[in-house]
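What follows is a set of structures for review.
Consider the two complexes below, in which subunit A is the common component and subunit B and subunit C are the respective partners.
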Partner chain A sequence: MNCVLEVNCVKAFGKAIHALSRIGEDLWLLALRSVNSAHSAYACFVFSPMFFQHYSLGSNQDQGSEIIHCKLAMKSVLPLFRSLTSIERNVERCQITINTTSDRVKIMFICKHGLTKTHNLHFQESESLQAEFAADLCPNILKAPARLFSDMVIHFPLSQEEITLSTTPHRVSLRNYYEEGNDHLKFMYTEMSLHPDEFEHFQVGVESDITFCLKELRGFLAFAESHCLPVSVLFGAAGKPVCFFIEDMFLEATVVLATLPASDNRSPSHSPRCGEAVAPATTPQDVPAETEMIMSSKGSPIFQPPFPSLHYLESLVPEEDVASGAATPASSQICSLLFKALSSEQDDNLGAAHLSVLACYSDTEEAVEGETRRSASF
Partner chain B sequence: MKFRGKIIDVACLNHFSRVVTTISKLTKTCVLRLTPDNLFFVLSGKVANGGVSMWCELSQANFFDEYQIEGVSPEDNEICLEVAPENLSRALKTVQNAKAVKVKLTKKHCPCLTIAAELPTLSSIGRIVTHDVPVDVIPRRLWHEFKEPSMPDFDVSIFLPHLKTMKNVVDRMKNLSNFLVIEASQNGQMNLKIETDLVSVTTHFKDLGNPPWGRASQSRNPDTMAEARVDIRRLQQFLMGQQVQPSKAMCNIVHHKVVHLILLHEDMSLQYFIPAVVQSG
Partner chain C sequence: MPLSTQSQADDEQYVLVASLDNARNLSNILKAITFKDHAIFNATPNGLKVTVEDSKCLQANAFIQADIFQEFTIREDVVGFQVNLTVLLDCLNIFGGSIVPGLSTALRMCYKGYGYPLTLFLEEGGVVTVCKINTQEPEELIDFEFCSANVTNKVILLSESLREPFSELDTTSEVLEITMSPDQPYFRLSTFGNSGNAHYDYPKDSEMMELFRCTTTQTNRYKMSLLKPSTKALALSSKVSVRTDSRGFLSLQYLVRNDCGQVCFVEYYCCPDEEVE
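Take a look at the complex of A and B:
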């Protein structure tokens, strides 16, 4: 896999990595993804090939899946993108290449004045976890500019771990959450509430109080705000996971967080449907992992796109749409194909067709190089 | 015991926030005394805080548009609370653009000072923010610990140089030594000195001027220096907390005993006492 990013996109890429670094210690490349150790928080950033100046999936396309799941340690990747201002000042382009034979990811920053910085990072091939989130079963949906959510969370200190979001048909309120039995005399209790009118989309099917980790969300909100994107929040009753979602022409990002179950007492962790062992909840702040984590490599159901982006649902359901290709816009096709490609078993008979379509699109990319300049203006 | 106050002027709210932020930089907890006319932030000089003490006085009329207090009893019409000023500062910072901010003494999970505000929005209905700052009520029998300090019998009283300049000097000196000597004379001279085995550094200030409190200047030779050796971190902490240059900044020195710093702003006064440390070895 080989792709090239132009400088503004490198910044966006870097910001996505910053947001993901708040969640977990590992980063999966190709659809940037991260999961926290308790499997109670998951985030995924997907960039459409149009985001890249150049994007190709490798020279030998066999029948087998060429999608490599590269797991990198966050602490190896984050420092490369740490200082976004210096990237803006010095970097002209960034090239990312995955070399399966040597198990290395090469990240090359082509900088001004003829300088090139090359970083070789070792990766582990590891199936990435995907969060299954049944968006169409969500009774509650809120959508508002990222700025509104930032204004809501600004009232809480950076050290605040968990917050509770309460929704009724007349009011949305956010308050901080402290466990019972702590020295709560020392803590300041903050609550802020606003009227449904402030949201672009306000749908409350079920009145609910959900408690989730704020720390893991802040990076995502910062990313959304810097791109002036509206944020959609999908949730249900306490205990069900909450999903935060943003999208625009070139990318789509999701954070899924587990929420505390309704009862106050700590029931033992509901073990997720996952092949890997779950790290036991040791710290008091650990929220039981209610999110269902599925192995994505073969045949597992994919991430169901949330309600607002109907075109994703369209391209996933009937096979005819994929074949025709003409009906749905190119970028959405490619994004959904990125997802689809991860679950080859389900669509075995279409497997070959998919891979060849992927190759076809990346070729088209090169022809439309001029158009990709648009991706520069974020 | 009841207390409710309301601030509606944005400048008053801003000043009040600044005062609270300054206090929060000086100490982690302090006592807030509320009387019908004033608010006081008090820190009594205990061993725990390195013996420093602080007295900050605000006239409530300068800040509050509405102010009602019902103290512990009609004879002792005041309320004494122990509070973490950092919490108050944080709460006030988030409501800076509110139309009105209410401060109330409430009882939630414990006694609290509740800061409540309505923030303006584009829609007709505003956002409501509430912060419950936990406080501890100080019983009357302990009130004597938090009385206004009396002016010490100082040897020299002098105006301070510009606080920013002083802070820069002290910041650099802090890297070299843990203790600093402040000495000053009645003819407007002040020196800040540090001395270690390897190096000694002195910064001289001249023509600072002396406040007109008559007492000390009569019997004393104006050139004689009074000095006190203090923990440099205390002095630095004091200087770091100041955000605005005050109208008047003064320093009283009791030779080898205490440094008494006085800052007078338009709407508040702040006094800070740093005890002198004994000359070691």
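Take a look at the complex of A and C:
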């Protein structure tokens, strides 16, 4: 695989890597992705072939269009893109080549005055990394310019780990999250509210309070802001993952974060809650239909990007290893698709509503054919 | 200036007297070779040479010609002594390192000879400080036997093109490999670190390449720990000449312009890393 980027794109590429470096220690190349060690945060930046000056898949040895998923250590890649200002000053073009025979990725910067910097990095071939997120089942969708979100999070100190986003049909508020038992006197409590009118798109199917990690999101918001792109936030009830999404003509980026389940004294398992959270939403408010309507009326390519989409499941496919003890078959499917991993903490017969694994290696889901297969091909 | 009011009689006891209106013209260049505590000073009527060595494999020299000094008097053919370079730099910067326009530290450096300390008279804004630094017997310097006749490859590059690569060099690599060749890749710096290798290529016709004279293809490796300190000299310089001889010994010569626009030289000699051979 071989691609060439011109300087402004190299900067964007570099910024994407900076954003991803806040999430995990490894970088999956080609469709830059990263996941944190707890598997509770996943980010993916996909660049369309148009982003590149030159883009070709398929190796020189004519191995066919084998898709290579290469995993690099973030600490090998980040230093190459660390100083974006010096890249802007010196770099004319960047060429990235993946050589499967030698297990090396060659990143070559063609700089001014004829100088070239070539870096050959080891990579590991690994399974593709993909988070599953049933976007069309999300009852709540917010969309606003990145600036709005940046302005909201700027009020929280950099050390703030988690924040809670509360949504009602009339109001969106963001506050910091602290665990019970912390000394409240030493703590600064911040909360801000926004009116639905502040958002480009405001849809609240289910009132919810979701708590997620802010740190992992900051890099992504910085990227979105630098590209002046609107950010879409898709989420449901507490415990279900939240997805932040941006796109333009050349790229698409997603961050999926796990959210804390609502208080533990509620029920011993999450599956019934998932079911409850989703099922009531569908019937009274007819959310999926509304979602459909929004999708097509806006004509927005949110769920149908111009180039093969990757991470949204277009249809629910029955999961073979769904546990039998779930409340309703539909809800358990949803849960198992969202939280695929096996959990040691939950009861096995209730399926997996384990927050700690959100993104799993997609080759373990051979059962999920069709769209997912196609979508994993980028 | 108080320093200049010293009587003639005092001067006669010194074998070396060197004065500078701006001590920074000396301290800046010495910073380019301060990677070890001790330095050997060698003064001749031509000027001052300060040398620092490391592990018998690396030698760095700073040359400050006599005409850079406002006063340079030497009563013997050669005057040599060894001092603690870190202490000397601290004294030269005794009035603080901040650069205030118009205000500079004046220096008068005096040495009475073998067994006597090096005396520094420093003045700024009317305040005079006298520092006496103990001297030691100078150690014998390595002669790298690097002569122009044996030089096989030589390039002169503008320092600005090397600064960034040098500062970015992968420090997990134990060696820095330098390839010089009349054919591709012409001039290449390579590192071999934990994540992989990196190459920095400079074509012979680049605007950054002021001179390119390579006769044979040579690839030599040098310990990264020895060459990394040269980054300081690179930062101060405007041009650098890179030469290798038939044995693979490396000579780096940096052209440094001081605050007054005068030219000084800093030179690094390095042996190749023997494990490769």
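We take it that the second predicted complex is superposed on the first by the 255 of 378 C-alpha atoms of A that agree within 3 Å, B and C clash if a C-alpha of one lies under 4 Å from a C-alpha of the other, contacts with A are read in each partner's own complex, and residues count from 1 in each chain.
Keep in mind that, in the parts below, a contact is a pair of C-beta atoms (placed from the backbone, for glycine too) under 8 Å apart; a residue touches a chain by one contact, two chains touch by 3 or more.
Keep in mind that what you see is a predicted model, and the values were worked out from it rather than measured.
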Which of subunit B and subunit C A:104 touches, first, second, both or neither: second
Per the contact definition in the header, classify A:114: touching subunit B only (first), subunit C only (second), both, or neither. second
Is A:157 touching the first partner subunit B, the second partner subunit C, both, or neither of them? first
Go through the superposed model and pick first if A:86 touches only subunit B, second if only subunit C, both, or neither. second
Answer with first, second, both or neither: which of subunit B and subunit C does A:124 touch in the superposed model? neither
Touching A:188 in the superposition: subunit B (first), subunit C (second), both, neither? first
Thinking of the overlay built on chain A, is A:168 touched by subunit B (first), by subunit C (second), by both, or by neither? neither
Flag every residue of subunit B that touches subunit A in the complex, lowest number first. 84, 87, 90-91, 94, 108-110, 112, 121-125, 127-134
Taking the touch rule as given, give the residues of subunit C at its contact with subunit A in the complex, in rising order. 161, 164-165, 168, 194-203, 205-208
Touching residues on subunit A, where the partner in the complex is subunit C: 72-73, 75-76, 79, 86, 90, 104, 113-122
Which bits of subunit A are touching subunit B when the two form their complex? 151, 154-155, 157, 184-195, 197-198
